[in-house]
Structure formats: structure tokens, C-alpha cells
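Shared chain: chain A. Partners: chain B in the first complex, chain C in the second.
For the complex of A and B:
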């Protein structure tokens, strides 16, 4: 079918067959305001901020639910439409506390932006605002500030249409309406944190991020979740350079304040699971981080550790290496090029599903809890290390390793986390968040991640290490 | 022109609602004529089109035209009877349920045949007790007599009628929220498009008709559409049920030809105003319709176009008569409280606006009105009007707009003096 010609504010545009006015406008860079509309959810049409006029037809029409018709002439930037938007803003803010200075969403709140753009005046109401529950427990991860809720129903639709938990619903009616946990819904929703990100106002609050930072101090860095073989695109929010703390609390400069889903239509759409939202806990776990080289359990310099490792490999009669499914494509290539032919290579998955963790579902979560199994297996096969092979030296690359399974061979360990024991040589390597790179997910799709933080001083990049061994 | 009747053709007795009584007055003859004489669905539709019947729910849309909008070539069609009569001042459906429920059942089967519906629904207001009982009894009788269900009257046509009780929400009288409610969801109105005729109940093309509209079909099919078209006015055919309430001596249910004069109805048929007071105002078609002053009903007849010309609506035919001495701000407070309570809360203007209007009017009615309240009410009503998902918002805004337009001085007096011009009375 051919595209449909129509116009918005006298600007000629083309819409795809079946497209709504709002979708076509957004695709063509025309800014029609919206709050309840979300491209991945059903149309609710309840916020009424996207009302437009159709030339020659009476009244106003919600552009989110208005299919484009050939020759349709839309007015979205005229006096009448502006007056309606101003009225809608008056209604929305009637009982909204407008407490932007203390709201977690300040700085990225659609309502705040529209209030300035389309209303800009004080409330016409002289009566007291209605107060709804301030901190309603949605679950152990999310709080709802019902006063700020504009009942756009995005969260409700998400739990019914995407995560399918049916966890939330809108109870009561009229001005008593409020979002609540439905008794009939599931108690647990493994994708629940998405509703925080998709709330257009500051109603749904992450317990983890609450009061941690104003968003304008932060900036997102594109990364990839390493929680499973899906490899979802995420944004890791770090402190902006010019807002870095220079006095007490400098550890805040190395913190990942929050994780949000990054749209990637090929891999994860617009969602990630709660494990992905918890990626910041992994990044901020400074206590478990391996930061110093060691020889036989004693701190050493990088140079000494590398020399000792080189010596051990040279002396070994039957050396082996275990490579990790957490390593990036680039590191694996570098390893293959420099060490791959000198040692026998085995592959290893660092992580298996933890107790109570969702193993696999139909939406995003995969049973393989490692981000790069595809590339590891492509380069090195599927064979895992066996003590019976009789190796006298094992180069272990990865975390979460039990040395007892290595049958007394000498061990050189390239790790990001402190190991469970003392290897002959420990070389701390950078984490995914301290370097650039890419993973290949279970479908063979390559997803790049950027460097979020600088690596600690005594930590090395794995790809730099191999050529020096 | 005033003597013709379609419903009021029998005496109200203890058993007038039963199948026997209904059959004695010609009940199910129309259905027999259609099914046994081999009339096709198109013939039924043509007869209804010839009658000029317009929907009795409020909008007054031509019934046969509404049926013709149903999407073609669907494997399933549904007919839904909107019996969620919740508009204050309107009680005609209840009269049909209590006195002649078989009229509706026969009409349902006829309409189902006309639109090819095999499963039809009656969505009845939850608060209706006697109505529900009599409907269920009548339906049981009809099933037992082979008038509903499989192979009706021995024909090839089968149709079940499913009765669904509402939960008592006014908004479920709006056709799309009624469909949501039948589907087991919260009674939220649906966005249009798609319209029910294209995607309605369970995504199938659906026709929603009012109780009175469906109940008049047996008469039309029995006597012919042309005969029905002889009644009423040029654009508004037939008779209508008018529920008269308020300050009249003989309130109640009246059947009159469309085009009957309001004054005659109030002063002759209903015996005039209580206490022989002067008439202050008339709400012509259920309490959401704009209020009219006595001079506006001087020569006004009860038909859709005539009432529209006066800036109001014939609506559902529920006429509320208001006598001199009634406090209009207090009356508006009752109205706004109702709509604030009944707003479903789905869309912003209605959810917030109805309560906001009630908040202001209540303050005025308490003697705590402030300068600017009237202007704010006008702004709010304008902000709601036409900008909501369904018509409940407009239903709430129209009384506010019309009361302020017609009786602004009473509101100004209340705000200025902190008390009513009429002692805040609603009773006479």
C-alpha cells in the first residue's frame, strides 16, 4: 500500500498506511505533546493533551487514536488547540502537588516540561488539593506517590500487556481513582522496574535511586547488560564530569547511579528485566573488586605479575587456558591471535542461574546467564576443562572459579573479582564497564558497549595482557 | 394526533408482564410473521427503515441506518440492549421491564434476526430489582415456549439472549463502556474509532440499541413501518415514552406522539405545577440536557429538532419540571455531585473537571462562594465539553453551562450575599 498524504499545520507529510496522526507527526519531527501514549502499549487516549483539530470537522480529536486519512488537514499549533492544552494542564495539575524541587523525576518529567510550555500559569483553583497516598508500596523495588500520578495507565497497561503479571490496576473511579496492586495480579513481576522508566511523571519511584541524585548531575552511557545471553542494551548513568565531587564522597564519581533500558529494536525493544536494572549493584560492588596484582597471595607490581606469569607459561609442559563467556568479542579475538595456538583452550560459563532466579521466559530472559557464549563457542568450541586432561598450568580467565576443580595445576588468574583462594599469579583485569567492546548475543547479534569509568590504576585490560605473556 | 399508542395499549394488571397476557394482546405475532412467512433480515430492516424509527436512548439516530453501519461479512454479530438506565429523571426502560418485558424480548429476537446476531445481550442496571426479576421470569417463559434459543418457533433461526447485570455505574450506560463491562473489564469507555459497528463486543461488529427502541419493533413489524410513520412529526416518527418528574401534580410515565406540546403535557396531562406555583424551568430530556426557561417552552413541542432549536436536547425523554421558588445553585450542586461521583476517572478533563465543578458549586451553595467562581466554572465546563473519551463529560458540563447562562443572577446573588435567593430550597 502506498503512503498517505496529509498535512499538519500546513506542512505536507506522508503517513504509513494505518498510522495515527501522533505517530506520523513524531516520525516527521513534529512535536505533539503526549503523556499516556506509548508506542509499545495499547492506546488509552486518556490524558487528552494530544488533542488536535481536523480542518472542516467540529471539535477536537486525540491524535494518538486518530488514523490518518488521505488529504486530512490537521491543526496542532493554533490558538484553539493551545487553549485546550492549557485547560488540560489545569486539570492535570489540579491535584498534582507540583513538587518538582523534591521530585526524583524533576529534569526529565514530561508534565513539568508541558506545564512550562503549554500552561505557564498558576492554578485557577483556590480550594485545597486532594491528597492521595504518598508512598504506596507497589512492590519491594517500587514506591508509588499517588499524588503525582496522572492516571495515564502506562504502568497498568505494561503489567497487563508486556510483562503479563496483571499486577497493577486502577481502583475506584472519578477523582478517587488510583493505581493499586491488584489482588488478582501476580505478586511478583520480573520486569516491574520498566514502569518507573515509563512513568511520564514522578509517581513511580525506584527505592534504589530515590533521593540518590538529581538527574541533571548525571549522564547516560550506552552499555550492554551482561546478565544473560540476550545482551540487552542499557544506559548506565554516571556523574557528569563537571559535576564530579572533589571533596568528601569522591567514590560517588565512580558510582553507577541507575540503569535504564536503552531502546534497541533488534534485541530488547524498550524493556529490560529487573536483573538488568540491578546492574548498578554489580558495578558499585567495590568490595569484591580485584584491584591489585598478586604472586602467591602477596601483592606485587603489574610488571612482576606479568613476568611471573610469562615464566610459568614458558616452563609448563602442558598449559591450558579457560576462557570466559563474559569476555568481549575483541578480547577473545586478541586472545586467539596471541595465545590461542600456544595453549589448549577450554570454554567456561562464569554464571549459572542463581537460586530463585527466573531461568528463562518468553519475553527477554535467557537461561544462559552469560553475555557472550555465542562468540566463545564460535572461536573455541564447547569443550569444558577436565582435570583428567593432566594440565600442569591453567590460565583462568574469568570469575567465580573454584580452584579445587583444576587438579593442582599451577594457576594464572585474570579476574575482575577477588578470587576464592590464592592463585600462583593474580592479574586484575578491567570490567566491561571500564573498556569499550561488544558482545554477540544468542541470536548472533552484535551489541556494543562504551566505557563508563576509567579502570583502577593497577588493573590491566585483558587484551593488553595476552601479548605480554 | 394525540391518541395513538404503541405501549399503552393494555391495562396495568398484576399479570400484564406475563407471557399469556402478552400473547393475548398480540404478542409474538410479529415474530411469527417474520419467521413463518419467510421474511428475510433485509425485509425486517426495510420495514424498520420505512417506520422512520429513531433511537430512544438519547442521540436519536435512525435505527435502520445504525444497523446498516455494521461491518459486512463478519462471522459473528452481536446485538446488545442498553438497559443501564441511569440518567436521573429517566425511568422509561424500567416501566417496560416491569409491565411488558416480553415486548423487549420479542424486539430483541426481531432485531437479532435483522442483523444476524446469534447471541444477544441485555445489559441491565444493577439497581433494578423488580425489573430484573420480571425480565428473568419473562425470559424463562420465552425459552420454555421456544420463542428464544434454538430454532425459534420451529424456524432455522436460533438466538440466545444473555442478561448481564451492571455494577451500578452511570458510565456503563455509554455504549462502549457497557461493552467493556460485558467483556468483564472495568467499565471504561473505549476510544473511537473503531466504532462498535466495526469492532464492538469481543471485537465483533455490534449494534447497541435502547430498550424502548427494541420494544417498539414488534408493533412496527406487526402493523407495518408505514403505519408507524403516520405518527409523530415529519422528522420524528412514532410515539415516545416520557417520564415526567419534579414539581408537577401527576408525575409519571406518559406515552405521547412525538411532537406533543410541553405545555399541554405539564399543565393538562400532569395537572399543572405543585401548589399552583409558577413554572421556573424545565429540563427537557434527562438531567444532563440544558435547562429551558418557561418562555422557551411556550410553543415548544417534544421532538428532537424543536428542542435542539431552543439550545437543548430531547435526550431520553425524562422531563424534569421545576417550580418557582426552587434554588438553582442548590439544584446544580445536586447535579454536579452526581456527575463527580459517576465519572469513571479514565480521562483527565472529566475526572478532574467534574469534581472541580462540584467543589466550586458546593462552596457557593454553602455561602462560601468567591468572586471569579462563576468565570472558573465556565472555563472548566468549556475545558471538559467535547474533550473527553465519552459523553459523560459533556453531560456534566452542559447543566453547568446552561444553569449559569439561564440563572446567572442567582449564582451572583448567592456569592455576593452568602445565601440563596430562594432559601436554598429544592422542595415546594
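For the complex of A and C:
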């Protein structure tokens, strides 16, 4: 089928067969406002902010639900349409508290932006606003401010159509309508946090992020979730340079305030799972971070730790290395080039599914809880370390290792986290968030991550270490 | 529940599986008839029976004003409080009925004869203000008319 010619505000455009006016407009860079529409969800057509006119036809039509017809002439930028949008905004904010100064969504709220753009005048209503529950528990991760909810049903449609938990619905009618879950049983959904991001207003709130920061102090940095072999694209939100805290609380400057899903149609679409939303807990876990080089459990300088490690490798009769499925493509290549031929190489998956964790599902989550198994196995095969091979030295690269499984060999450990025990040499290395790089996911797709924070002073980049051993 | 289940099974024979959602309302009505009023567990039971998300059934259950969610008396007086009726004096109407029956909206008289409810639009906006008692619509209400109607039901 060929494209359909039509026009918006006298601009000639082409729509794909079956496209709606809103979709075609957005694709062509024409900004028709919308609240309830979401490209991945079914059309609800209930917010009415997307109304447009069709020349030669009476009335206004919701453009999200209007298929383009050949020769259709749409008016989206005339006085009538603006007046209608203003009225719709008056209606939507009739019972909305408009408490932007204390709302987490302020600064990235569609309602706030449209209010500013299309309405801009005070409420016409003289009646008291209708009050609804504040801080209604959606689940242990999410709160709902029902007064801010505009009943667009995006969250409800998400739980029915995407995550399929069906945990939410809109109960009651008219002014009493609100989003609720069943009274019996907690609202369980392994993808629930996506609804926070997808709520066009500040009704759904992340308990983790609640009142932690105004969003305009923060900026997103593109990264990749390391929680499973899917390797979803995420944004890590750090403090903007200009807004760095200069007095008390300097740890806030290297904190990941929140994680959001980053659209990547090849890998994760627009969603990530809740484990991905919890990535900030891993990043902010300063207590278990390895930050100081050590020799036999005693603090040492980087220089001494490196020369001790070099000596051990030099003296070893049968050295081996265990490489981690959490290392980036670049680091793995560097290892292969520098040390790969001098030692026997085994691969290791740092993480197995934890107790109670979803092992695998049909949407995103994969059973392999490591981000880069594909590349490790491509470069070094699948063989895992066995004590029977009789190695007298093991260079362990990665976390979560039990030394008892290494049968008394000498150990050089390259770790991002404090190990359980004292290796002969400990070299702290940078985490994924302290350097650039890429992972290869289970389908062989390469996904790049940017550097979010600087590495601590005494920590080294693994790829710099290998050449010096 | 067992005889209710038989009624459900009977009805299910007529509905093709692809449109089993359409059975939500009749099943809710059957349950209402059998039990007098509905609670969340009834929605769960129906959802389970039809293999639908429970929230979907609960949405339907809370949407319709004829699906009672508290015990009701013999005559259920439902006064529309939506915009047309509200503009034409709904509050006055409710106040009058309240006084007459001695109950507030949501309550039932001690003799179990009347329940007073405020509900959303009953789709008779053109004849606002209006109320529904059991299955009958009473339109263009005035205080005098209400007195007459309620007296006839005493």
C-alpha cells in the first residue's frame, strides 16, 4: 500500500497506511499535545487534549484515534483548536491540586507543560476541589497521589497489555474514579516501576526517589543494565555539574539518584524490569566497594600491589586466570591481547539468579544474570575453573568469588567489591559506571555505556592493569 | 456458591469463549441476585471462573450503580448527582429525601424499607433532576412529587 497524502495546517504530509493523525504528525515533527496516548499501548482517547479540526466537518476530533484519510485537511494550530485545548486544560485541572512546587514530576510533567502552553489562566471553578487519597500504596515501590491522577489509564493499560499483571484498574465513576489495585493481595508486578515513568503527571511516585531531588538538578547518562543477559538501555541520573553540592553531603555528587528506561527499539523497547530500576542501589553501595589495593590483607600502594602481582605471575609454574562475564568488550579484548596467551583462561559467571528473583520471562528478563556472557564465551570458550587442573596461581577478575574453590593456589584478585577474604594481592578496579565501554547481549547486540562518575583515586581500570603485569 | 456455579455453567454454554468478557455483567447480576450485595471476593470468584484479570471484573462491579456493594433495603432510591442534575438542584432533592426518610445518603432505614444512594449520571439529563427507585425512573422532580412517590411506596 502506498502512503496517504494529507495536510496539517496547510503543510502537505504523507501518512503510512493505517496511521492516525497524531502519529503522522509526531513523526513529521508537528507537535500535537497528548496525554493518554502512548505509542506502545492501545488507544484510550480519553484525555481529549489532542483535539483537532477537520476542514469541512463540524466539531473537534481526537487525533490519537483518527485514521488519516486521503486528502484530509487537518487544522491543529488555529484559534478554535487552541481555545478547545484551553478548555480541556481547565477541565483536567478542575480537581487537580496543581501542587507543582512539591511534586516530583515538576520539570518533566506533560500537564505542567501544557498548562503553561495552552491554558495559563487561573481556574474558573469556584467550587472546592474534590479530594482523593494521597499516598495510596500501589506496592512496596510505588505510591499514588490520586488527586494528581488525570485518569488517562496509561498505567492500567500497561499492567494489562505489557507486563500482563493486571494489577491496576479504574474503580468507581465520575468524580469518584480512581486507580486502584485489589484490596486483597499485594499489587505484584516485576515491571511495575515503568508506570512511574509513563504517568504523564506526578500521580505515580517512586518511593525510592520521593523528594530526593528536583529533576532539573539532574542529568541522564546513557548506560546499560548489568542485571541480566538482555542488557537493557537505561539512563543513570546524576547531579549536574552546575548543581554539585559544595558544602555538606559531598557523597550526593557521586550518587545515582534514579534509573529510568532508555528507549532502545533493538533491545528493550521502552521498558526495563524492576531490577534495572534498582541499579542505583548497586551504584550507591559505597560500603561494599573495594577502593584500596592490598597485599596479604594489608593496605598497599598501587605501585606495590602491581609489582607484587607481576612477581607472582612471573614465579608461577602453572598460572591461570578467571575472567568475568561482567567485564566489558573492550576490557576482554585488552586482556586477550596482553595476558591471554601467558596464562590458562577460564570463564566465570559472577552472578546466578538470587533467591526469589524472576529467573526468566517472556518480556525482557533472561536467566543468565550477567551482562556479557556472549563476549566472554566468544573469546575464551565456556570452560570453567576446576581445582583438579592443579594451578598454583589464579588471577581472579570479577566479583562474588569464594576463594575456597581455588584449592590453595595463590590469588591475585581484580575486584570492584570487597572480597570475602584476603587474596595475596588485591587490585581494586573501576566499575562499569566509572568508565566507557560496551557489552554484547545474548542476541549478539552490542550496547554502549558512558562514564557516569570518576573512579576513586586508588582504583585502576582493569584494561590498564593487564599491560603492567 | 455451588448452585450459583451451576447457573454460571448454564450461561457459559451460550457464550463463545472469545467473548467470555461479555459474561462479566450477567455473572455479577446473578451473584447480586443470589447474595443481595457484592463484595470484592465475588469479583475474584468471577475472574477466576472466567480466567480474566480480577481488576477487570472489579472495574465493572464498581462502575454500575445497579450493582450494590452494601446491603440495601426493599426500595433503593438512587438520586443522580451528575452535572445536569446537580445544576438543577440535586442537593435540594437529596436533602428533602434525607429528611423525609431520616437517613443520610448511603444509609438504610431501620425498618429496612428504604436505602438512599447518590449515583453518577443515569442518562436522563434532559429531565433533570431525577432519581431511580428500583427499576423506575422519576423525572423532573420537585419536593411535592417526591412526597407523593415515597408515600405510594410506604
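By our rule, the second predicted complex is superposed on the first by the 463 of 469 C-alpha atoms of A that agree within 3 Å, B and C clash if a C-alpha of one lies under 4 Å from a C-alpha of the other, contacts with A are read in each partner's own complex, and residues count from 1 in each chain.
Just so we're on the same page, a residue touches a chain if its C-beta (ideal position, glycine included) is under 8 Å from a C-beta of that chain, and two chains touch if they have at least 3 such contacts.
Quick caveat: nothing in here was measured; it's all calculated off a predicted structure.
Engineer: Are chain B and chain C a fit on chain A, or do they clash, once the structures share the same frame?
Structural biologist: In the superposition, chain B runs into chain C.
Engineer: Give one of first, second, both or neither to describe whether A:181 is in contact with chain B, with chain C, with both, or with none.
Structural biologist: The answer is second: A:181 touches chain C but not chain B.
Engineer: Using the superposition on chain A described above, determine whether A:172 touches chain B (first), chain C (second), both, or neither.
Structural biologist: A:172: touches chain B and chain C.
Engineer: Of the partners chain B and chain C, which touch A:81 in the superposed model: first, second, both, neither?
Structural biologist: Touch partners of A:81: none, neither chain B nor chain C.
Engineer: Mind working out whether A:160 is in touch with chain B, chain C, both or neither, as first, second, both or neither?
Structural biologist: Once the two structures are laid over each other on A, A:160 reaches chain C alone.
Engineer: Which partner does A:94 reach: the first (chain B), the second (chain C), both, or neither?
Structural biologist: It touches chain B, and chain C stays clear.
Engineer: Is the number of chain A residues in contact higher for chain B or for chain C?
Structural biologist: Touching more of chain A: B.
Engineer: Quick check on the superposed pair: does A:45 touch chain B, chain C, both, or neither? Answer first, second, both or neither.
Structural biologist: Only chain B; A:45 stays clear of chain C.
Engineer: Residues on chain A in contact with chain B in one complex and with chain C in the other?
Structural biologist: Overlap of chain B and chain C footprints on chain A: residues 169-170, 172-174, 176.
Engineer: Once bound in the complex, which stretches of chain C touch chain A?
Structural biologist: So the residues of chain C touching chain A come out as 40-41, 44, 53-56, 58-59, 62-63, 65, 82, 120-121.
Engineer: For the complex, which residues does chain A have touching chain C?
Structural biologist: Answer in residue numbers: 156, 160, 166-174, 176, 180-184.
Engineer: What part of chain A is in contact with chain B in the complex they form?
Structural biologist: 43-49, 51, 58-60, 62, 65, 67, 84, 87-88, 90-92, 94-95, 124-127, 130, 150-151, 169-170, 172-177
Engineer: In the complex of these two chains, what residues of chain B are touching chain A?
Structural biologist: Contacts found on chain B: 169, 171, 186, 191-193, 340-349, 351-356, 359-360, 363, 370, 372, 376, 379-380, 382-383, 386-389.
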